[in-house]
Structures are given as C-alpha cells and as structure tokens.
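Next come two complexes built around chain A: one with chain B, the other with chain C.
== the complex of A and B ==
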C-alpha cells in the first residue's frame, strides 16, 4: 500500500533520514525509536509537509513524492497529529465534519461516516454539541482520531497517540487501534513501545534516520536490544 | 427564536424607512457609516483565516479610480462602473495574492500596506490618464447625487458584504478558514488547499472593498490620490471590527455604527480629536475586552443562561 524507497530528507543542511526504505501493506505497523530518530520527519515527508530530498514514496501504485499535502490527504492518508491540535472553539461535531469536508470521496456521505465514528467512540456522540476545548485530554485524543477517520483514509498515521494520556486511556486507545486495523492500514509512532507492540502486527525500529530493525511485534517484544533500549528491562 | 425574528424585522424596517424621517446631513453620515461597515466586514472576513490585511485603503482606492475611469473614458453609467471597479480589483487582488499569500503574519500585513502605497504612487504619477496629483472628476454623479438613492446604494453594498460574510460563516469556508487560522498543518492534512482558499478570500474581500470605494467615487464625483487612498480607510474599519468584535459578521457592523456616529459628533466639537478617541478605543478594547462588544454580550448571556 505505502512503499518508501531510499528516502532522504531533513531540515536545512541537516540530514535526518538517510536512504530509508520501508513498506506498509494492509496491516498495522509500529514505528519506534528514541527522540530525534526521525519519526516525525518521516511522517512529514510522507505527507509532503517536508520535502523528500531524494527517493520515492509510492501509495497505491501512485508516486506521491512531491505532491502538495492536501493532495496526499485526498488520496487517502490521514494524520492524527502529535499535539491534539483540535479547534477548541469549534464543537465536537464541527471538528468531525472538518475531517470529511475537504476530501472528495468522504464529504458527500459524511453523516454515515459520522455514525461509524460515534459507534467507535460513543463519548463523542454524547458531547457532539460541546466545544472541543471543554473535553478531557483522553476525549480530545479520541476526537482527533475520529476526525482523521472521517476522511475515510486507506492509511491512518498516528504520531505518538499516547503522549500525555493516563495509562488506562492509553490501554483503551490501543484496544481501539487493534480493532481498527481490520479495516484500514495503520502506522503508529510511539515511545510507549510496550503498549503499542500489543496493537501492531509489525514494527520498525528507527535509529539515526535509518531502519535499525524490522520484525513482527512478537519477535520485537522478545528482542534483547529492544528490551534493553525501549522496555527498560 | 421569535424574539430574534422580531428584532431583525425591526432592524430591516429601520434601515429601509430611515430616509423618510431624517434630513440630508443625517443621510450623508449614515451613508459613510454604511460604507465603513462594509469595509469592516470585508476586513473581518480575511482575518478569520488569520491573515491581517492593512490593504483596505489600497483596494478601496483602486475601486474609486477604476470606476471613475470607466465613467470618464468609457462613458459608463454609475452602477455598471461600480460593478466593473469591484470585479477588476478582485482579479488584480487574486493575481497579487498568488505572490503575497505565500507570506504570513507580519510579513503579509506589511506587504498589503505597501501595496496600497504602490497603487497610490502609480496613480499619482500616471499623468493625464490618471489625473496625477489633482485626480479626476466624474461629471455625472450616480443617481445625480440624490441623498436617498445613494443611501440605498451604500446599504446595498453593505448587504453584499454581509451576504458574503454570512455565506463564509455558514458554508464549508467557515471550517476551512478557522482551520487555517488555528493550525495550517491540520488544515493541509485535512485536504484543505490553503493557498487556493486564501486567494479566493483575498480576492473577494478586495472586491468588496473596491465596490465600497467605487460607489464612494460615484457619489461624490471626484477621485484624488490622497482622498481615495487615505489611511482612514484602513485604520477605521480595523478599529470598528476590534470594537464590535472580530470573527463574525455583526461585530464589525455594530462597531462601525458606534464609532462612525461617535466620530461625527466628535468632529463637531474637537476637529481631528476623533482620531485620538480611536486610538484610545483600540488600546482600551485590546486590554479590557479583546472579544469586542458582541463577544462581551455573548459571554454575559451565556453566563445568565447557565
């Protein structure tokens, strides 16, 4: 579904990603690595927010390298950003409508998608008319995911979804992500490796802008290097 | 709900029937207030996307000159000349927008301020064609300069601005503009073409500002670089929007009426003193009620409702 071939990217003179190659099919993939490894840079490059210096990004057989971000979004890649980045003054339902409003294949029957999102996150239906800024951190994260799902994406990218959330909510979140991967491909970057390994099929470990490891989540969970570096055992 | 309906009927009736019971002086004050209200609403439409424009006077002035030239060189009657002034300015703004809307924040604001000055200088040095520093005179005023029909003309232009503004609030533009203002990264990843959206809004608001300018020129029958591109046309609508409340249609209108009428009275007692009052109001509003009068009222009612 998404193929990244020999991608090099960075900021100014600073190279962050070096000849990075990875592949995501209809599955759930985790992207792990310490701060500064290049996780967010990789996401930005896929979405066209930050240009790819060289290499290719192919999505559903189409070369999307260098496409403007809104065009990438319209082709079916949705992002749940790291900070919650909702619009506090807009209501919950307006935030959700925004997710679909500018995506050609999602905007016409957005109300059907809305029901699906509500069934996934019932709390959003209860709070539909409330300004998004009045909800708790966990609810706002659910709303951010709901907004991304409204675009009917083929690939959902979540950037550090557990950041700043209490453990019980993190658990709930990954249970939902685990269920979601049946319908759409998921790419999730995480520092909370223990929880996220439960939800993904496969994981890439990113270090210094290169793929250091690529294996199934079971194997990663038992790998001595991962255990030591990310699980603190 | 019913109360709200009655309120709007009264406002509409007042707007339509006011010429029946007021004299020419009041009419001309109202005409000016309506024009400023249109400018304030159009400025607010752009600020909703987060882009601060100081270019109101520039597009206003461009509208006055284009419509004046249409009347003088092409013998065009008043109303078509006003519409052409609006359309051509809208197209010019869109073309310029493709360049300057790559800028953000202070850089965009300063560039729009410079644009107005550039227009003024070009026209001032345009020789006989633009009338140079002396400007141009339109021999035949629109509606022969009659106070009542020109009042309705100004009202009509405000309605165009209000209509466009309400459309921008009710349609998907509202979501797009709010998103662009708050977070461009989310806007892009939600499939919003930021550049295109901003160019459209910039063009439309400049077009409305030019309509206001063009009708002003056709009412008073003359254009000069200094009067058409006066800084008042940039600063007053800004002060009005701030006072009334930004990010909505009615805040700028309320602000325009309050400041417009206040300034008329102040002018009688302390000539030019009204500018000091404007300055004080801007400082006061920013410090004490950043949401403006309407924002303050809304907050109060919401509290009472709870």
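== the complex of A and C ==
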C-alpha cells in the first residue's frame, strides 16, 4: 500500500532520515524510536509537509513524492498529528465535517461516516456543538482521530497518539486502534511501546534516521534490545 | 452569558438614547451619519473577510477600490454608458487582478510575520496610487449623473436620498458574506484556513488556492464598491488611503472575525463624524474621529483584560 524507498529528508542542513526504506500493507504497523530518531520527520515527508530530499514515496502504485499535503490527503492518507491541529474555534461537529468535506471519496455520505465516528467516540456526539478548543486534551485527541476517520482513509497515520493522555484513556485508545486495523491500514508512532505493541501487527524501530529493526510485534516484545531500550526491563 | 446580555442591553440603550437626543437636536446628523456608515461598512466588509477570516493584512485595500473606480470611470466614459452597466465587468477584472496580486506578491509573504505583509502591501498601495497618477494624472474625476441628486424634504430638513444606497450595499454584502462562510464549501475552507492552515492542509484543503480565491473575492467586492463610490464621490489617485485606515479601524473595533458587528462599528463612526462635522468650522476635525475611537476601543479592551 505505502512503499518508502531510500528516503532522505531533514530540516535546513540537518539530515534526519538516511536512505530509509519501509513498506506498509493492509496491516497495522508501529514505528518506534527515541525522541529525535526521525519518526515525525518521516510522517511529515509522507504527507508532503516536509520535502523529501531524495528517494520515493509510493502509495497504491502512484508516486506521491513531492505532492502538496492536500493532494496526499485526498488520495486517502489521513494524519492525526502530534499537535492535533484541530480548528479550536469551530464546533466539534464542524471539525468532523471538515474532515470529510474536501476528500472526493468521503464528502458525499459524510453523515453516515459521522454516525460511525460517534459510535466509536460517544463523547464527541455529546459535545457536538461545543467549540473544539474548550475540550480536554484527551477529548481533543479523540476528535483529531475522529476527524481523520471522517476522510475514510485507506491509511491512517497517528503521530504519538498517547502523548499527554492519562493511562486509562491510552488503554481505551489502543483498544479502538486494535479494532480499527481490521478495516484500514494503520501506521502509529509511539514512545509508549508497551501499549502500542498490543495494537500493531508489526513494528519498525527507528534509530538515528535509519531502520534498526523490523519484526512482528511478538518478536519485538521479546527482543532483548527492545526490552532494554524501550520497555525498561 | 449573563454579562454578554448586559453588554448587549447597554449597547441597545446607548444607541436608543443617542438616537433620541440626535432626533430632537440634530436630525440631519442621524441621516448623514447613517449614510456615511453605509459607505464605511461597505468598504470595511471586504477587509473583514481577508483580515478577520483568513488573516491577510492588505494596506492597498482603499487603493484597490479607487483603482476599480477608475476602471469603471474609463470604460463608462469611453462607451458613454451608465457606470452601473460596467460594474459587473469591473468586478470580474478586479477578481483577476486580486488573484494575480496574490500569486505574484502576497503568497510569498503569507507564512512570514505579519509585518512583512504590512510592508509588502504598503508598497502595493503606493504602486497602485502612483500608477493611477501616471496614467490618469492627479486631476479629480467625477461623473455627473442626474439620479444621484434626488432629495427628500421632511418638515424643514432636506437631504439627498441616493446615499442610502451604500447602506443597502453594505447589508447585501453582509448577507452574501454570511451565506458564503456558512453554506458554501469554499467558505468553510476559508474559515478552516483562517483558524489553522496546517490543519486545513491535512484535511485536504488547498490552502493557497483558498487564500487566493478569498483575496480575489474581496477584490471583486471592491470592484463593485468602486462603481458605487464613483457615482457619488470625485476620484483622485490618493483617495483610497483614508478608507484603508478607516476599514482597519472598523475591523479592529468590531473584533477580528466578527462580521455583523462591522455595521454597528460603522454606524458609530459615521454618526460621530457627522456629529463633529455638523458644528460650523469643525469639518476638518472629522478626519481624526476614527483615531479617537480606535484608541478608546483598544483602551477598553485592555482594561477588560481580555482580547476578544
């Protein structure tokens, strides 16, 4: 579905990703690594937020390297950014509607999708008329995920979804992600490796802009390096 | 919520008191004030769209209105037709001019700090007004149209009725803008881009196209307004500057992004100017009324401790 070939990217003169190659099929994939390893840079390069210096990004057989962000979004990649990037002064339901309004394959029956999102996150239905910026961090995270799902994405990318959330909500979130991967491909970056390994089929470990490890989640969970570096055992 | 209701009541009461006093004391102030307010609101609404909704600072706002007035003037004179027949073509031309100005200039400053846009569009304003000066000279231009002098006499006061057309124009613009922002996909995109451009791109909105279309739409509104302006006022190359400043003042008074309040702010400015101007020998003082008002509004805001 998404193939990244020899991707190099960074900011200014600073190279972050070096010749990175990875592949995501109809599955749920985790992307792990310490702060500064290049997880967000990788996602931003896929979305066209940050340019790819060299290499190729191929989505469903189409080369999407260098496409502007909105074109990537319209082709079926939805992002839940670390900073959520909601529209705080607009209401919850307006935020959700905007998630679908500009995606050709999602805009026509957005109201059906809205019901699906509401059944996944009932709190959003309760707060439908409330300005998004007045909700708690956890609720805003759910709204950001809901808004991404409104686009009926083929691939959902979540950047650090558990950041700043209380543990009970993190648990709930990964249960939802676990159910979601049956329908759509998911790429999730996390520092909370323990929780997220539960929700993904496979994981990449990113260190210094390169793939250090690539294995199934069971094997990663028992790997001595992962245990020591990320699970603190 | 409660304090909001109180504030609204206070505003309504103040408007009522001022109206009654003026009706008894200086009824013409009320009439001329409302007429002025219509013009000011009509100039400020396109700026409210680009400054209040998508946060583009445009110091060439008044100059763009004057430019469109000159376009209408030239075409109407050349063809010998009524300027209103040229209004829609002028608006179309201004839409294209707006789109080009965005692509060539503002686009490159859109992510930079607002000071860059300020300096850039200040330069645009000078280029436009000096360009007009070179092509059309600084000689004032005016069309003489017989229907603009229609007047009405009630009791012992007599006043022109044509100027009320600006009030109607402002109301139509407000309705049109409200419809655009609430009901159309493009309007929703404009709101989203204004609130969070990064978030807008992620949900599939073409951010630069949105900026360009909104800026062009505002230019087209100025194209329509320029024609109305031409029918009543005389044109000279630097006539626009004062309107840029007053539009800024009104958008700031109304609160960024608050379109209907523009009408109220324009009413306050228009009546205050007409009031000052109604005293003999005070005519030239009307030009500083908006400075006094904006200082009062900013002081009021800072005392309340919150920016709205």
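What we mean here is this: the second predicted complex is superposed on the first by the 233 of 233 C-alpha atoms of A that agree within 3 Å, B and C clash if a C-alpha of one lies under 4 Å from a C-alpha of the other, contacts with A are read in each partner's own complex, and residues count from 1 in each chain.
In this text, a contact is a pair of C-beta atoms (placed from the backbone, for glycine too) under 8 Å apart; a residue touches a chain by one contact, two chains touch by 3 or more.
Treat the numbers as computed from the prediction; the structure is a model and nothing was measured.
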| item | value |
| --- | --- |
| Superposed partners chain B and chain C on chain A - clash or fit | clash |
| Touching partner for A:69 - first (chain B), second (chain C), both, neither | both |
| Partner chain(s) touched by A:90 [first = chain B, second = chain C, both, neither] | both |
| First (chain B), second (chain C), both or neither touched by A:149 | neither |
| Contacts of A:180 with chain B and chain C, given as first, second, both or neither | neither |
| Chain B versus chain C as contact partner of A:101, first or second or both or neither | both |
| On chain A, the residue positions that both chain B and chain C contact, one per complex | 47, 49, 68-70, 73-74, 78-79, 81, 85, 87, 89-90, 94, 97-99, 101-103, 147, 151 |
| Complex interface listing, chain B residues touching chain A | 172, 175-176, 178-179, 182-183, 185-186, 188-194 |
| Chain A residues within the chain B interface of the complex | 47, 49, 68-70, 73-74, 78-79, 81, 85, 87, 89-90, 94, 97-99, 101-103, 147, 151 |
| Of chain A, residues touching chain C in the complex | 47, 49, 68-70, 73-74, 78-79, 81, 85-90, 94, 97-99, 101-103, 147, 151 |
| In the complex, chain C residues that touch chain A | 185, 188-189, 191-192, 195-196, 198-207 |
